[in-house]
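Got a structure for you, written out below as structure tokens; questions coming shortly.
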Amino acid sequence: MRINSVNASTQRVVNQLSALSASKKQPKLLNLCKEDLIKHKTITNAWNVYQRKVNEKRHIQLNAQYKSIHEAMEDLKQTSPQLYALANKPEKKKKFPLDMRMPTDYPPTKPWVYNYEPSQKRK
Amino acid sequence: MISSSYARPLRYLGRYYSTKIWSDFSKRSETLKLIDPKYEKDLLQGINPDQGPNSLVQPDRRLAYHSPVAIDETFKLAYEYLEGESAKIYAKIDDKKSVEETDRLLVKAEQYNPEVLFNIENSPTQIDREQPVYRKYLQEKWESHDRMLSMQRLEQLHVIPDTMPTLDPKVEVKVKFPHNTVLEFSEWIEPGTILPAFAVDKPPTIQIQEFDRVAENSLYTVLLVNPDTPDLETNTFKTTLQYALTNVPLSNSNNVVGTAKLLDDDFAKQHVAREYEPLVPEKNAQLQRACLWVFRQSSGEIKASIGEEDNFDIREFAQSNSLEAIGAHVWRQQFDRSVNQVRQEYGLPNGRVFHRVRKAHPVIPAGTSNVV
Amino acid sequence: MSRLSIRSFSSSPIASKVGYSTVQPVHHLIPIKKQTLGKRFPELNIPKDDIRSPQYKPKDVYQDRVNEYYQNVLKSDLLLHYYEHDSEAVTGNKARSWGEFSPYAVYRRDRKPKGLSRATRDIKPVTPRNIPELTGISINLYNKAALEESWINISARLQLAQITNVKPKVVYNKSNVLPWKVRQGKECGCKVELEGRDMTRFLSTLVELVLPRIRTFKGIKDSSGDKSGNITFGLSPEEIKFFPEIENFQELFPNLFGFHLTFKTNAGTDERARTLLTSLGLPFYKEVKNVQ
Amino acid sequence: MWKSGLRKYSAAASSTASAGNSTSISSTLLLTRNPVITADVSKFEAQYYKYQNELWKRLMWTFPSWFYYRKGTISEQAFRELNPGPVFNNPNIEFPRGRPVVVHQRDRRFKQELKLPKTYKEVSQEKKEGGETAAEEEGAKEDNLSRQIVPNSRITKADESKDLASLERQLSRTLYLIIQENSKWTLPTFKEEQVAQGDDTKDSSVTPLHTLAEQGLYKIGGNSINYFNVSNTPCHVHKSESTREYFIKSHILSGRFVPQSESIKFLWLTKEELGEYLEKDYYKEIEHLLSDI
Amino acid sequence: MSLLKSIADLTGKTKTLSIGSAPYFNQVRNATKRAAGSRTNKNDTAGRRLGPKVHEGNFVKPGQIIMRQRGTKIHPGENTDIGRDHTIFAMEPGYVRFYYDPFHPLRKYVGVSLTRDLPLPHPHFSPRSRRFGYEQIIEPEAAKQEEGHMSRKEYLQTPELKQKAEELEELLSNKRTEFKTEISNKLGESTENLLNLIVERMVNIYQLSRVGQSIEEAQAQVTFNYIYDLKLKLNRGEIKDADSFYSLKEYYLNNVANATNSKLAVDSTGTIFDYLTPEQVQIKQAEIIKQLENDFTGKIIKLEEKRSILNLIETPGIFTKEKQAQLKSVFLPRVLPVTVPGTIADDFDPKKPGKGVTVVRIFDDKTKEVKTYGRTQNAFVPQE
């Protein structure tokens, strides 16, 4: 009764606080039976093994790429010092373009922008 | 279920590859199967919601149980994936690999098998200890609790360094006195417990669990010493030997020295180097520690018998016989009303009685005359 | 409160007990976790990622597109982008020793680095092992209004929780500054540390839905950064309106609060961190100084 | 010490190389189209995400509907109509599958399933659409913000028609540009002209590798390509006795590849498809540069 | 003063040091403090007489103070302790040693060594040197009195323990008489001595099975206990020689242990029954469960049926206690399921159920509906 009789702004704060707090909102604890517990463990194990494999594969590929860059630069240094100097110039101010977007779950209505107009500079 | 042969089980002859490897027992041990077959359907095929899981006992609780959504479908895919990975590992095992390498690969191939996990979680006493994967899980369990507890007690009660200087525990040592008819004393004893004399008046059952593969013909020594026997001449303590087993052959699965073995006359003759005599503390002589040490015999059989000297030097004994300490256990005793009866049983004279109050007499160095 | 009046279960008063304790050396090498040996609260010994723990929370609940993009596309690009042939690690400004022979310095802390109060990290060349990565986003909301009326902080906390899906922690004042009415121990805002899927979801919302709709937003200042690869910028209350979680419930959040966002990276330098953030879709702009 | 020695050695080597004029340097362009949509997940991954998601929902706190739908409002009524409360724990009824534990209109044993009432905008939109004609509706559809969102198909027309030259195919994969000039499919390669003439004192006399690749691309593919060059640094070298092909990595961001001569054919292919079109040894050499996704 | 004097002497000898006309050292010291005492002058306290009270190598008695200090200038080492004000005192009689401990290189320690020639600290891994300190009571009367002395806790617990022991003894003696008649019935005629041995054995097995040992374990344990007691008797001299020990042992093994092991068994409730091997037990278990399923599921359970179900479940030596409880909860529910024919009243008015009809409302989880049934008396398993 007393809660209902407070003014509107106080009531709003009370509501906000109750939306934040855990009281009466928590679900029952998961008490899995023995069989389900082992099943869950197996699922988790499989996921961990799977992720480990994926990460290993990525790591191997990145290492190979790094080695390949290193070899290319080593070779370029031998073949053409000028080109090497240009290729090894640090690009400190270079930024990734905003047009490079991260993938979405579903494609946009027009999956690709074809009508690109080159700027004046390039011509 | 548990094979008692000491021979090395399970070698994989030739290359072997099957994607349904976890349901194929032609080359894998039968002991990797679910021990209790009544759980098989619930675990591998899914729980029927109209009957509920088998592991819950009460019918109403069984029906009221709800599995997480989509657990069975996910489990099926996970099982297939892990089984495939396991088959790949089995394909790597051949006869050229060393024993350690084979064991390592066997652990890797079976460690995620849900049947193995279920066995180790729910029937840890019935598992086959010859299988490296089970030993690995046993070791993890031991290291996560029991090893820490026993080392804490051994340190707190000064078993190290009062008997042996230090301990690098390799085996799990469990002790119980199965002749007891009271539940409190008939279970496995937690290290450091204070026990009454009647609870220890018959020799204990000792379990020594090795976690690495035990080499053939490896022998063990077990010594029970009491470092708190009063020595009135010097006003200090001396160590007495209460029980000694030597040259005991043990394996991963055959690892208990208990009633069944002691009943055998040959065993008693060959391995009991000193008959069991329980600790019988005298009145007001305070708590005494019964320290049980387990040694690996690194240089074969011990031939010499143990002398009857008054003060037993366990360090010297271990060094002269090149024994490696691998595990220990401790319990405590003090004078209680059953001590006199135990003394009578063992034909011991009546115990001395000491003053209740501790006096300020200094220690008398050995060799000086006994003048207080 | 005097020490004598503290209630305790012990029968002897605290004042008669010695304030001395020492650690006895042990005789073995087994580390003992004492808390796991107690029998009173067994569930506290279960690790959080075990489903039996009351604190268990599933982590991989959906496909994480931001992380996948980073792993599959950006990592390889960044490796190539940062590659510098024959480069070596640049040693940071380190704490100095007091000299080898001074007996006074045996147990003394090392000297501060030259010209700085704290040592700086080495800058190592980028290899597949240390490709810069966004490790977390920390959101810090300083609520001035809460200094006077602490209940105002409730709506600030709720606002952060609404946006980030993580329950914020309350921040308290550490010191007294009377002219600003800052009192020690009073609530002055809240903060959230985002990691994993919470972070990537927040990042994608920010980059794809919020920032493009802020007309005045030019980008993050090019000079932002703490020199070790953590970039900060702020959002004002008007800009927070564009978060879809707030936008659709405007009547529930009549007062909005601005906050600071810190993108925590392991890049090591601000320059690298900036490049990393642009690859994740955050724009930067260069300040033009007024040149007369 | 050893460093300076190395430098000397390399300088000597390069001088011999450039003096000999024996090697021809070219720049190969690895032009990629990054995935537009998220990667396709395996069956196990999809199932795992579903399982975890269900667990997550099961362990979520109860939705504070009293906060979002204030008591006595119309929206609250609509919400209540859409979400009838769970079964009440009546002590006179038997529940063979467990008694419900209801707190705040949620059975705490299960996840909470919610249906949300339509917002004011949506309702008014519906009303309007009801009154309007179908043609008007069509026109309004495109630019109306509050129209119902229907996700587009992950498989595009280009996939269906198997148009290998389209940039809209295989949206979840990385595509690579290959061209055919003399009946052989290759990655676009552009030869360095000036370095062979051998004036190595001036930098301006040579074109940097990435510029070379850019110029070459515009030459064969037209000007309307928006692309991002990842780095000046080559990511790979394909060596033979007298040739050096340095790989330059770029992403196409928008625009299109328009062949500037009739003889040029081009395709946008995934990693596996590249294996079919390129020479086997060559593909094996560059396999690690190509993304699996 | 002495400085002034020496300088004054100097000036006397060499005049070059005097400056100007005024004599250089003719100086007056003015008071810089007020003459009347201020508060700060009075707060000096008496010395606290801190410091070591004994020297290295001195003999100390327990409780004797070794060091008084503020804070721990010196730390308490072996056989010493520290008081509330950091006073270090001896815990054992012995010789004082001041030393450094390698585990705490910045601390000084003081300890008490139990003998004169023992250095401190003692090597980390060597056994501790300890003092026993208790004196033997020689006089027999006093010794007996002291031995009989009980702590308060023991004294208070004694009556209860005694009563428990008596109850146990009574239970066992009842069991003995009970077993005696049963065993003599089962085994036929035998000598009184042999019968007593067998009865004692069964009682012991019963006791061990009460703490959870299986029948085979308990049998082996009881055999071992008997032989072990015989051996102790031999050691005590109650048995003349080794030969009679062996003959007694053989007699027990052949006539008591082996003769009864395969015939008699006892369960944890103290019921004697024919021994079954573990394989036989398994077969029997399956049989009983099959019988329960075939004969009693889906049927009305009256008192008679209930008794036969209970008899089947409680067949001695077949099921463990937990299993029995589980079987009871499955086969003897309080209310039979609605699928059992004859437990549902065909037509009834939910508001006015007839005599002997109980209205039951059950929630169906699949259809999400509440169904109402009228249950007849037969639906409820009779309670005794």
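A, B, C, D and E label the chains in the order they appear, each numbered from 1.
We adopt the following convention: a contact is a pair of C-beta atoms (placed from the backbone, for glycine too) under 8 Å apart; a residue touches a chain by one contact, two chains touch by 3 or more.
This one's a predicted model, so the numbers in the text were calculated from it and none came from an experiment.
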If you walk touching chains, what's the least steps from chain B to chain D? 1
Show which chains lie in contact with chain B and also with chain E. C, D
Chain separated most widely from chain D, comparing mean CA positions: E
Once every inter-chain C-beta contact is counted, which two chains account for the most? A-D
Averaged over CA atoms, how far is the centre of chain A from the centre of chain E? Could you give it in whole Å? 54
Distance between chain centroids, defined by C-alpha means - chain D, chain E (Å): 65
Averaging C-alpha coordinates per chain, one finds the centres of chain B and chain C separated by a number of Å equal to 47
Inter-chain centre distance, chain A versus chain D - centres from mean C-alpha coordinates, in Å: 13
When you check chain D against every other chain, which residues touch at least two of them? 34-35, 38-39, 44-45, 48, 51, 55, 58-59, 67, 95-97, 109, 111, 231, 233, 235, 251, 292
Chain E touches at least 2 other chains through residues 124-125
Flagged in chain B as touching 2+ other chains are 65, 68, 71, 74, 77-78, 81, 161, 165-166
Pairs of chains that touch, anyone? A-B, A-C, A-D, B-C, B-D, B-E, C-D, C-E, D-E
So in the complex, the part of chain A that touches chain D is made up of which residues? 15-16, 18-19, 22, 24-28, 30, 43, 46-47, 50, 57, 61, 64-65, 68-69, 71-73, 75-83, 85-89, 91, 96-97, 99-100, 103-109, 111-118, 122-123
Please give the residue numbers of chain D that touch chain E in the complex, ascending. 87, 90, 92-97
Which residues of chain C touch chain D in the complex? 56-63, 65, 68, 72-73, 76-77, 80-81, 83, 85, 248-249, 252
Which of the residues in chain B end up touching chain E in this complex? 57-59, 158, 161-163, 165-166, 178-183, 186, 202-203, 227, 230-232, 235-237, 259-260, 262-263, 283-286, 345-347, 352-356, 358-363, 365
Listed in rising order, chain C residues that touch chain B in their complex are 26-34, 36-37
